[in-house]
Amino acid sequence: MTSAENILERPETPRRTRLQELWLLFKENRLAILGLVIFVLFFSTAVVGVILTSGEDPVFDPALIRLQEKLLPPLARPNLETLAHGEAPRLGVYLFGTDDLGRDVFSRMLQGAWVSLTVGFVAVGISVLVGIFMGGIAGYFGQSHIKNDQVIITVIMFAGVVLLGLGKEMAGVVLLLVGHASIVLLLVSKRIFRKRTPPKWLKMLHRNAISLDTIIMRLVDIMLCFPSFFLILTVVALLPASMYNIMIVIGLTSWMGTTRFVRAEFLSLREQDFVAAAKALGIGNFRIIFRHMMPNAIAPVLVSATIGIATAILTEAGLSFLGFGVPPPHATWGNILSDGKRFIFDAPWLTWIPGTAILIVVLCFNLFGEGLKDAMNPKLREK
Amino acid sequence: MNHDKDPLLSVRNLKVYFHGRDDTARAVDGVSYDVGKGETVCLVGESGCGKTVSALAILGLVPDPPGEIVSGDILFKGRNILRLKEVELQHIRGNQIAMVFQEPLTSLNPVFTIGNQIEEAIQVHEDLESKELRDRCIRLLKDVGIASPEQRLKDYPHQLSGGQRQRVMIAMALACNPDLIIADEPTTALDVTVQAQILNLLRTIQQKAGMSILYITHDLGVVANIADQVYVMYSGLIAEKGNTEQIFSQPRHPYTRGLLASLPGRSSRGKRLHSIPGSVPNPSHKPGGCPFHPRCASAVETCQSVLPDMCDYGKGHLSRCPVIYDLERQEKSREKRGD
Amino acid sequence: MTWSAKRKAGKSVETDRQTILKVEDLKKYFPVRRGFFQKISAWVKAVDGVDFSIEQGSSLGLVGESGCGKSTVAKVILKLLEPEGGRLIFKGKDIASFSPKEMRPLRKEMQIIFQDPYSSLNPRMTIGQSIEEGLRGMGLTRKMRTDRRNQLLEMVGIASRAADRYPHEFSGGQRQRVGVARALSVDPSLIICDEPVSALDVSIQAQIINLLKDLQEQFDLSYLFISHDLNVVGYFSDRIAVMYLGRIMEYAEADELFKRPLHPYTSALLSAVPVPDPLRKKELTSLGGEVPSPLDPPPGCRFQGRCPQVESRCRKEEIPLFSVDAGHLVRCWKTTGN
């Protein structure tokens, strides 16, 4: 039919995916490449490190206490006469020295790398997941309101559960029954009053109370009011100490930035024609949010995620430094810093070795994130 | 309309290339046109043909890098302005050659009042006292048809409508009585009734002040309405040149013919629209020979390899298609023999 | 043979074709909220009582300048926006008050093509994926979907091997074709074209217009063709409705409208359009002023601010649509001799 007027031309233009173009732009930023290289090194160190330092008889033992060898500077030779068999360091020297319990700092650093990596990624992973969910809902459903009746029923049910939890079974069960009954009544009344006009009090119940956007954004505001480090500190102090708790807590207290980014992107994406086209095709809301709109909103999230990893690592180090981090004898870089603070003049390597490591890793993530942001920017401008 | 020997503006064999990462876009590839005193010249073409870039080159506004003026001359009042230094160019910009852009929304600075912006346009080139300045601004606004100009001076761009903003742009362009106004699609973003107002305004101003207009557009209707001379551009080259009568009644380039035939209108109702197959070539990967040949129904072998020169039909009508030229010559000689 | 094909061939056409869409007194207002409590201080009456109907297989042109509400009408018909009032009768059913759930089965019957070829396709999905989205949930296997997608691409003139490319690799005209393919994918009866060629070059415009016409013949499609370009609308449509500030000012067969424009606004529009014919060079009749804001319009005729023939009556009373001839309606006192 229209074959003469058709067909994809430009066979000469090299077929480049967006990823390839992104890479080309990224490559030109020397510092960003440096960040990437350091990241790769860090990642491999951490993975290798955890393998080499775990198990019954690890290659590098971070927990082996040799009081006779305590506080040796880096590159010090072990005093082989005082050591039992198998207690000597694998490499022949104490590469990073020993701490106040004679533990090999190098092994501890290897073990700690893994903690930093995991905490960084998992915490950020959680925060990103929560963030895009909240941001997507807030941005897309913006003006959808929760009605008065829904609020009342939610409050009743919630109160019922709380009472149950507090042990007041009778009151709790009564409230829950009331809640369920109200739901049934509501549905019935909706059917009855389809054709006729409902009475005034029923209309009041159906009125808008508050919009989803408002709920979520005010929640964000509330969370932002808390100084995050102290919030984390408090929660961690109340919970049993474990690496997983720390990761979850950091993740659940840092989703707010992502939410705002995603919501902002969604507000502008919502007006784009392709979203209207998807709605016109009859595609469901959640598919539109997560399959159609989210890939377009992800760019700023990626950038803030990489920088968020740096922040998470710093937070974990801080927590460990204060003694609220991963419990001993498991080593983390913050732990080593903490142990070293008492010997800062006698054994300064206990401070500046983990300190430098943290610095380098955080720097690398920052550079990488900035590089990503710069590489993505001209693309965003491209039509 | 003056048919001076020396045109006010003469673009000669201009070539402007843009250097990309792996390729070079030949946006303007050997373009020549003249604008005489008091003349309205229209540069017509579709997107990507290079008309805007050639206009930017006149005022030295082509970003360098990635753009580069590879060769050619631009003579304004006899001087080659491509050779001028930035300082000297600034003396010409706004003062002798002024430009009106397409988007009135973004062409005006949103944080300054209209009055401020017009005053600035004047103050850069002339030294006036503040009362004189203000009076000139009011007079300019009145000339472009803005009601209650004294009040409008204090308004910000967002308080004005699209048509009013474009009038302000024209007022700024007129501020120093330039010899030439370059208008780059000034009415494309406006409603058709407002477009009619602006076109009438430009015509009035031109008649009063006797200045030249270089009008860039893709709308052939506008061209028919205001142009004295028309240059049809395609893929960085001039395809055809002539006055409006010649171009519309006797187009002699397949592209011009195709464009005119594909215009929808009441007259074509019920008939299938003629359309030019294919699409505009990528400026980085142009076909060899005549850039139009892949889409041309009249193309022959040589069109694929040889870039033709302009063929002269007399009375200022030129066309870059030797195929049609030869055909017409054969027709003429056949007629002569037949008589 | 489809209706439009018959019409073209000059065969007699059944006069009572099914009316696929009938719009009666359609209203869409947007509230303007001020103050701390977000109280409603004014209403933007974007669509304020619009009437028209489209017969199956025909094209209705909706023409007007910026701010007249034509794009809003498109969104309301598709129920992407809820109307404040009026009736929206699609294939005999009044869908104005249909809930999203009730609309779901009807969505596939009416589709839309947008103006901006750059924002109408999801930049993160290949064009193949964009087209296949509509085919989900229709109970097709993977292969059937792929086949249908390829068939649609070829139908609109794009090689099917290009299905795994992204929108930014195509030109504006090609993207517009993809938009058409997407709209066709669900077998609609009505397609709303919202300025489908305004952002395209002239030579590409003709290609797309031809494509739309061919598809109409092939599939007996009905079109609501929205545009500000009178030339394109005049070519494309069977009937034309002229819209100004949320109301229909004139409504007639296309030929009749151009021959005998009765509303002052229609005449102004027609005379303001520059014709590409130098022999008809004229001082374009310019209508003074600009389109006012649809914010709390004054009572009476919407056109009172710019009408060259305005009277005091026009400022007070609401004017109904008068029927002048068979099928020619005008909303004006003067020109209909009332």
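Read from first to last, the chains carry the letters A, B and C; within each, the first residue is number 1.
The definition used in the following text is that a contact is a pair of C-beta atoms (placed from the backbone, for glycine too) under 8 Å apart; a residue touches a chain by one contact, two chains touch by 3 or more.
Predicted, not measured: the structure shown is a model, and the values here were computed from it.
Here B-C and A-C were compared by C-beta pairs in contact; the pair with more is B-C.
Central chain (C-alpha centroid nearest the global protein C-alpha centroid): C. Distance between Cα centroids is largest for the pairing of chain B with A.
The geometric centre of chain A is 55 Å away from that of chain B, both derived from CA atoms. Distance between chain B and chain C, defined via averaged C-alpha coordinates, is recorded as 32 Å.
Inter-chain spacing, taken between the CA centroids of chain A and chain C, is 47 Å. Annotation for chain C: residues 174, 207, 210 touch two or more other chains. Annotation for chain B: residues 275, 277, 279 touch two or more other chains.
Looking at chain A, residues 5, 13 sit in touch with two or more other chains. Across the complex, chain A is touched by residues 75, 78, 80, 104, 107-108, 110-112, 114-116, 118-125, 130, 133-134, 136-137, 155-159, 161-162, 165-166, 168-170, 174, 179, 182-183, 185-186, 207, 210-211, 214, 218 of chain C.
Only residues 1-3, 5-8, 13, 15, 17-18, 272-274, 276-283, 292, 295-296, 382-383 of chain A touch chain C when the two sit together in their complex.
Chain C contributes residues 8, 65-66, 171-174, 201-207, 209-210, 213, 228-232, 234-236, 254-255, 258, 268-269, 271-288, 290-291 to its touches with chain B in the complex. By the touch rule above, chain B contacts chain C in their complex via residues 46-47, 161-164, 191-197, 199-200, 203, 218-225, 244-245, 248-249, 258-260, 262-266, 268-270, 272-277, 279-280.
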